[in-house]
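Sharing a structure with you now.
Going in written order, the chains are labelled A, B, C and D, and every chain counts its residues from 1.
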Amino acid sequence: MKQRLNLSVLMRSKVTWAVVAEVLILIVCLIVRPDFFSISYQPSTGMLYGNLIDIVNRSSEITIIAMGMTLVIALGGTDLSVGALVAVAGAIALKFLRWDVTVYNTPGDYTVYPFFLVLVVPLLVCIVMGLFNGFLIARWDMQPIIATLILMVCGRGIAQILTNGKQFTTGYSPFRVIGQGSFLFLPMPIIITAVVVILVSLFVRKTAFGTFVESVGINRKASRLSGINAQLIIFIVFALTGFLSGISGLIYSSRIMSNDSNNAGLNFEMDAILAVVIGGTSMTGGKFSLLGTVLGSIIIRTIVTLVYYFGIASEATMAFKAVIIAVVIVLQSEPVRNYFSKRAASRAKLANGGVK
Amino acid sequence: MPDNNILEMRQIEIQFPGVKALDKVDFSLRAGEIHSLLGENGAGKSTLIKCLTGVHHKDGGTIILNGREIQPQSPQNAIELGISTVYQEVNLCPNLTVAENIFVGRQPMKFGQIDWRTINSRARELMRRFHLDIDVSRPLSYYSTAVQQMVSIARAVDIQAKILILDEPTSSLDDNEVKLLFQVMRDLRAEGMGIIFITHFLDQVYAVSDRLTILRNGHLVGTYNIEDISKVELVTQMVGKDMDTIFNLKRVDVDKDAPYVLTASHIGIPGQVEDISINLRKGELMGFAGLLGSGRTETAEMLFGATKTANGEIELNGKKTEIRKPYDALMHGMAFCPEDRKVDGIIGDLSIRENIALAVQARRGFMHPLSRKEQNDLADKYIKALGIATPDAEKKIGELSGGNQQKVILARWMATDPNVLILDEPTRGIDIGAKAEIQRLMLEMCEKGVSVIFISSELDEIIRCSNRIVVMRDREKVAETDGANCTQEKILAIIAEGAQGAGGTKS
Amino acid sequence: DGYKVAFSQIGQESDWRTANTDSIKAAIEGHEGWELIYDDAQQKQENQIKALRNFITQGVDVILFTGVVSTGWEEVLKEVNDEDIPLLLIDRLPDCIDQIDYVAAFGGDFVEEGRRQVAWAGEYLKAQGRGDEKVNVVIMEGTTGASAQVGRTEGNLAAIKEYPNMTVVGQQSGNFTRAEGQALMESWLKSIDKIDVLIAQNDDMALGAIDAIKAAGKVPGKDIIIVGCDSVKAAFDAIVAGEMNATIECTPLYGPFVVETIEKLIAGETLSKTVIHPEEGVYDMDGGIDLGTVVSVKAADVIDQRQY
Amino acid sequence: MMSDNRNSSGRSLISSILNPKFIMVYATVGIFLVIYLFGVVAYGSKGFTTLRTFTNLFVDNAYYGISAVGMTMVLITGGIDLSVGAVASLTGMFIAYGTAVLGLNPWVCIAFSLVVGVGLGLLMGWVIHYLNVPPFITTLTGMFLARGVCALISRESIEIKNETIDALASWKLYFMYLKDGEWTRIRPSAFVNFNVILFLVVLAVGIYLLQRTRFGRNIYAIGGNEQSAKLMGLPVGRTKVLVYGFNGLCSVLAGIAYALYVKSGWNLSLQGAELDVITCAVIGGTLLTGGEGYMIGTLFGVLLKSMIPALITFNGNLLSWWGKIATGLLLLLFICIQKIVVSSTERRNSKSKKAAKNKA
């Protein structure tokens, strides 16, 4: 009886449906192309090699941002500026690496400014931009979607103007490590992501921060009256999201060893929001699930990888993605979940009756 | 039973996840009667009428309207069937004008266009019927809760239905407004309308209704003619205990030399509340009396730092203290249960446990989390101590009834071990049993040496509990009297006198 | 008032485009008595139309124009004609070129570039003595619908027919960006058993793919022959480093041509309406591959003269 | 023009003109005038003051305007629609592919687009209301779907070559003046075209629907408080579904206008247009929280937003990205004004509450 009831509780959980979706997608792959799952060791690079590794590796940028986005959405907002911040981080990093670029120089294995500046300045700038969002939202009570729209519109412009519209390339090997290096047989982005996910989860769940975020997201005024510093919470969440966007931007630009202010982080905000929602966090704020978000991000990347892998014409990518997301979202919708959980419950009753 | 029932609900059942809200409830309404529906918080009153108006769908039973069985699907459907409702929470659109709120969805049309002129003039007339001469073309949010409440009643009345339902319409109205409403209700009754009236004020029940139905825990207790049931009997039926055990409360004695814990001198915000001075002794219960909108809530909010104080200063335990935000107040051992618990109190989607632990956690800061065990202990302790009715501490607070929500919020603050506890209308919208319970808890706190500020619109409960009573009027403190030998008449006199005084000097 | 030259540029989507802008800007701003009115449309056709209309309002003396897409310019270009403003078409030429008046047209030949890409690979294989070996080719396309993608794909596919030993085993879009080129190559390396030749429709995607190939434990330039397009500096570096095989030039340096044309225009000369293609080379590791229309040049020899 | 100023007495006419709820609209108009004046001062000599500059604001942005009309309605309900750009793009593609490749009559293509666009809108509205999926996510999926279908049809831009379309696209009403007894075009020529007329008609329909019909008032009510609207017996579900349907219609009309503007269909056209349209509405004073907003505000929002790139082009030397930054700053400025206005009216409200209470 207990187990049966749990089934109906499971059916009600959105995360369950995300898992179901991912597993179904992978099962279809398994049937069509079993070799999709092969993982081998690549001695020349010292990394594991395979599609599954790629999926996780390439989902890193979104996963990292989506960690912050989860908290933003738990606060009842959305952050549209993350994609632009990715571009800004890349632009600044490359600017510091290639301050010498006047015309078009050969990318050599050197950096103009010390490497730590290359890493720290972009992250600081992203944190400041996150704080700017936080300021508008916490102090001026702006709606997050509008407040962050400002930087979404401006951010890419700032990135372009910082680099004077140019694309710099670099060959500096320590920088390459971030996006293309390896550690423990795994690509570095996976490691970075794992560290970020673990640290954020610890921060959120081992302290009371997560509860405060949920509390503020559900009822900001009541939280304030209970003594929670709601503004501080909002500031921290947006600054964190800015910081994570910065990390994501560094990974992105290190993968291509260049800044690409036009394309870096393009539509990342949409993907990150989708990842969070597919992961089971409600857009109205409140309870959130970081693990669900990781899963959501992986589902999105799985779709893209499948499109590449099966050589599906690029024309169809969008439509394919739309259909899968639509199915996941409809499955997760409240009425559908209720329907399934009721059925599970009634079936449990039936089964019990049958036994008697 | 005479056969002029316009409405009959038989064996109504409604099941919510985890609660059977209504269990085989019968209810009937005659044309031309005012029928009160009574019961504790969570008894299922609102659920019963929401079932009638199609907000909730019944799981069993039949509804017969004018001899025909109906299946209301939506509030829209109910209005078409001739059932007009004022729901418990104000249900209007703050962004629309007063006139529009009254007519939206049924605007008079002219040449395929909305006839704004008629709407505005008819709305103005309608509001005059309620003795309100207001600009009906202003957005609703422009006006106070009481006016909004009247607008929502006006809308329901104007729909000219056969059945009018009023779910706690009087909770934010003052005496005159209540009288006016009763007059309107009686007029409508005379026109043959059937009215269902829900309230927690027993006096009002006796003042206006013809029959009453009592629900308890989703069950029907019975339907009575008003003459056939005494107040004492009624309470016993509602709560299941008798009145004496409920109101066996005694004022706590305070040491006349007890030190002042809280002294506020000349605090105020220009244009809102001005020049309020109070001093509160240790273990004292100070009542705030006054009419609606007299500035009590704002004073309480100022003391707690919920709104910024512009003038004056506050001393805590003899030390001058700056309280700029609720966090500061919390750190200085103050606690505050806000007036509107749905909006300012509960964190709806969090569990009871999390809600109780919230203020303690806020005081410790998020970097020093309470362990799960500490939280469970806190929750269990207060669920037991306050008698919060819940299967377990993990239930969402939003799913509790109003009285139990109020107790959880009280628990949240009791857990912080406060020196000063400010309670703003803790008993509003709460049934008699829970009300008494909360008053008892309040007095217990005083006994333990906590100083309490108690704001209420019901004079009798203020008089019953307070050591000292502060009377407020027009955003000013007009008097302070001793609680022990004070009467309702005396306070009312002070308020009225203040009115003349203020009128004389100010205008 | 000076002579007003208006330039409606597509955007700043790549190094190539930046070099193109810089070249034209420098040439016009450097010319005495000329004033440049520059507009960058951020890859949006509507922005370009607006800019053109705006130029008319400002009463400019000549308009330089390159369109983000090939279609849909008729209406606004006719307006330009109506106002008798000389129109100079450069780079990506509009489809409606026959229906409008222009003083001169100057632009790369995308189809030829596409042809050269495949032809280079084919000839190179022959030179290596692998002329009869069955090779698998993947074509990494640019942003779908962009005229460079359309033209180069046409050229690629036409040329493939000339080399029966080549089979196309993959053809998808990498959107002209490094990041997507990289991700696409990564997937191809897993889904396709054997890839011998990568035709990337611009250098950026090729450069992205190089990293993916390295990560797969293969040697770019050896295990997989990589042919890019555009000839940006970074591609030269990769070729010199032996990680890329060839790049087909598509020169962005339009400045001199533009200046010359405008000077002729001011002088009142009548210009020919035939589309002029710039002289473009092919650069590879060793040079000397004959593609019929052009012979490849060793990249290392000319790398120092490259301006972009 | 607005709802309430048909009050009988003069007093209430003035009071409704001064009604704080119009302040945002005034702010938009005010900023528009300030920036226009700036343009006049800075670039007057370059031709900024000509009538052509002004009509071009309409001619070049008609499709944004059309879409913004529908978007304003969606925003007033408290929703959002990210699919508008994609649906417009899809419409262009249908028309281009239908006429150029399939050789269909353009009206057939337009009818088909209408069915698809409105159908998708209704479907999304249904999902949003009845499946309770957030509008952001629903319409994002709708956007992917529309773009996907667009790309499946053709990935290259297709030129529209059709007499009807040509006629519509090139129809222009020039501004003329009488010179020596002859009507002459003013120079530089200024004109309005079919798109401008279409925009103005859609705008008028939008105003009518919002201010003069129950449907429109229900939209405001839903935006004010959806739960209340439902309890007041308003047809919430139907209204919401219809609003998304109407927005679908506007997207299709915007797509038609865009197709006439560029005379081609391309799957990547109008990328990111949804956020531009939303920005227009927000600059026009529509609140994303729902319940507030006027079509007139939106009109000026569109004009304001489109004036910035025009100014950048007039300057002729700035990186166009400054335009983005300027738009962002404008948005910021606007929200600040909104904030100030809202808090000052709130303050006034609380004072008047006192007054009303005393009277009562």
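FYI, a contact is a pair of C-beta atoms (placed from the backbone, for glycine too) under 8 Å apart; a residue touches a chain by one contact, two chains touch by 3 or more.
Computed from a predicted model, the values in this text were never measured in an experiment.
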item	value
Reference subunit B; chain at largest CA-centroid distance	C
Pair joined by more contacting C-beta pairs (A-B or A-C)	A-C
Rounded Å distance, subunit A centre to subunit B centre (Cα mean)	44
Averaged-CA centre spacing for the pair subunit C and subunit B, given as whole angstrom	73
Interchain centroid distance [CA atoms averaged], subunit A/subunit C, Å	34
Inter-chain centre distance, subunit A versus subunit D - centres from mean C-alpha coordinates, in Å	32
Subunit A, residues touching no fewer than two other chains	160, 165, 314-315
Two or more partner chains touched - positions in subunit C	11-12, 40, 144
Pairs of chains found to touch, sorted by chain label	A-B, A-C, A-D, B-D, C-D
Contact footprint of subunit D on subunit C as seen in their complex	6, 11-12, 35-42, 44-47, 49-51, 53-59, 69-72, 74-75, 78, 82-83, 95-96, 143-145, 150
Subunit A partner contacts - residues on subunit D that touch it in the complex	80, 127, 130-134, 136-138, 140-142, 144-145, 147-149, 151-152, 155, 267, 275, 278-279, 282, 287-289, 319, 321-325, 327-329, 331-332, 335-336, 339
Touching residues (chain side subunit A, partner subunit B) in the complex	206-209, 211-212, 214-215, 218-219, 221-229, 286-287
For the subunit D and subunit B complex, residues of the former touching the latter	3-4, 6-8, 12, 15-16, 19, 21, 208, 211-214, 217-218, 220-221, 223-225, 227-235, 291-292, 349-354, 356-360
Subunit A partner contacts - residues on subunit B that touch it in the complex	304, 306, 325-327, 329-331, 336, 338, 343-350, 354, 358-359, 361-364, 366-370, 412
